[in-house]
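Got some structures for you, see below.
Next, two complexes with chain A in common: one pairs it with chain B, the other with chain C.
Let's look at the complex of A and B:
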């Protein structure tokens, strides 16, 4: 799982205000506001970094252990993928 | 909406406090294929509309500055040959889009292209529930059929649609039938009764406005008691123009809102920061209730959703009253007063405290 590369969903609208990401899935007419850690994961989900690489950055920036960061990153990206807000590189596209 | 418990409301407030243009209303073109007499648009034919390259550069800036919502309108957006290039770029940048259109240029192929863009909504103007009413207003035979067909094509593709209507002298009796039509199509229905003056200052479109009596009979079933709760004294003015909302013209001029056509600068020449701190943006943001000489003393103020732009358009005075808003406030108060009287009367006839002989009922 930690080697997966998350990418923002192509139909997802978003903006980051300070440390908080506002995410909209137009097809669901749904607005989500992510907390600072979730927002940073969202910001780093650029289709280039793996979850492990994202966790390394989180550990440094939020002063937590790598184990905690990777656990959070795996759980959170899984949730976002379920909501089709992100997808993983190599997996079937959202649309 | 409490900002303590609602994270989204908290973010919206933050964008207002920090002048982040969260919502941008962008008039992509002033060209249109319809000829509605109430339209405020006056194309400036001597000026070039922004190219798609200029538009994408501005979109880059808006993304960086915090914009989330982009509302594309016109004129008619689909008269721009590069509309889908612009919209695809807007989608790629992660903006949430709404499209305002008359729908007449939407066919199966265009509807498919719109579907791929995942807009929040496509909002189509309709001025009647029948061709003879709508087409007379648009001055374009066949436009009703095309607009209604477009709504169907979009709904078939699960795109959220909104029927938007401006109610005026030529179509007010259609109000309930239009609501029903929108419901049958599966669209939300939104209406307005305020016709704004033309951009060149002409008041001619306003000749189509409904008078007080017409508004009363049109709206008496729509106005609910809750509207009385609007009290501008509590939060001064609720207008977000120039705070977290701005409007861009087809030429790149930037206004505090779509109706208030006093430019704070042009995005081909000025930075967004310069524009947001320009005298006109600063002026509109600084207005408080105490500045409104007449409005602050008005007995109808709690029924009024005063629009500074409308006051300015009608009289040239940003701080004065607007005829249209004054009229609407009086109409709403009249309806609420009548509803209250009726409620008291109905209460009395339903639960009489005494019988016909004057004996108290138990």
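Let's look at the complex of A and C:
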């Protein structure tokens, strides 16, 4: 799982306000507000970095252990993928 | 008698044409206050055939078509071509009022969004030349808030049309598309004072919202295909709104403290258990 590369969904739009990301998926009429850690993960989900690389950045920026960061990053990207807000490189594209 | 009528909403003039002047007079009566002399951006021909043609699908909906859309429901069908500046509405005489209401709502929504405007599903109250906007989920208290605003003008209780200008936001009156619109107003923009998220509660509180939460709460998806209103544009506009306009969460009860607590929100944000009931606008001192 940690080698997966998250990518923002093509039909999403987002704004980051005061370190909190607001993401919309108009086709689902869905709005998500992410806390600062979630917002940073979202920001780093650029289709180039793996979850492991994202976790390394989180560990440094939020002063937590790598183990905590990778656990959070895996869980969080999984939740976003379920909501179709992100997808993983190499997996079926969002319809 | 004429077979054409010019209307204007949110500074977007359009012209309706219909072969029977009787119906034009009827429409003019419903839309008095919104009759315009401006050069129309669109000319919409209204047709009253025996049978309404399906222009989308039997189930209805809105689909993009070139620089415009096709729209259909059980009561009407129609299309708009903004490039040509023309459109058509097909309905029956019995369904004309309802059909025109739904069709024009979509037309003016598109014109507003095609400019730099925004739409909220909300209640807009004009009080002392400024507008207070209230929104919330269905059953969240908009009707109650309108009832508690009897002394003021209800600009809209359905769709609120907003437009930024000179660093502020302005609210445009809309035709009587809702059930509770009342009071004197001119067909011109009024300055937006603040936006309130309504929450019915036994505890009275006015709290400033953080911008991200306000954005998440207030964003309204127009019933338009994403091809017509790109999501990033929609979100950027709402984001601009929440940064420029004060947003509050208003917990309120059905009593006369409603407006005094709103007035108090500008001097003292985060009023908990604010003055209840007397309606004199004073705050508790302890």
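Just so it is clear, the second predicted complex is superposed on the first by the 95 of 95 C-alpha atoms of A that agree within 3 Å, B and C clash if a C-alpha of one lies under 4 Å from a C-alpha of the other, contacts with A are read in each partner's own complex, and residues count from 1 in each chain.
As a convention for this text, a residue touches a chain if its C-beta (ideal position, glycine included) is under 8 Å from a C-beta of that chain, and two chains touch if they have at least 3 such contacts.
The shown structure was predicted, so the numbers you read here are calculated from the model rather than taken from an experiment.
The superposed arrangement places chain B and chain C in clashing positions on chain A.
Of the two partner chains placed around the shared chain by superposition, neither chain B nor chain C is touched by A:63. When both complexes are overlaid on chain A, the residue A:24 reaches chain B and chain C alike.
Of the two partner chains, neither chain B nor chain C is touched by A:82.
By the touch criterion defined above, A:12 reaches both chain B and chain C. In the superposition on chain A, contact is made by A:33 with both chain B and chain C.
The contact surfaces that chain B and chain C form on chain A in the two complexes overlap at residues 11-15, 17-18, 20, 22, 24, 26-27, 29, 31, 33. Put simply, chain C touches chain A in their complex at residues 210-213, 215-216, 219, 221, 226, 230-232, 234-236, 239, 242-243.
Of all residues in chain B, those touching chain A in their complex are 7-8, 11, 14-15, 20, 22, 63, 66-68, 91-92, 94-97, 116, 118-120, 158, 160. By the touch rule above, chain A contacts chain C in their complex via residues 11-15, 17-18, 20-22, 24, 26-27, 29, 31-33.
If you check the complex, the residues on chain A that touch chain B are 8, 10-15, 17-18, 20, 22, 24, 26-27, 29, 31, 33, 95.
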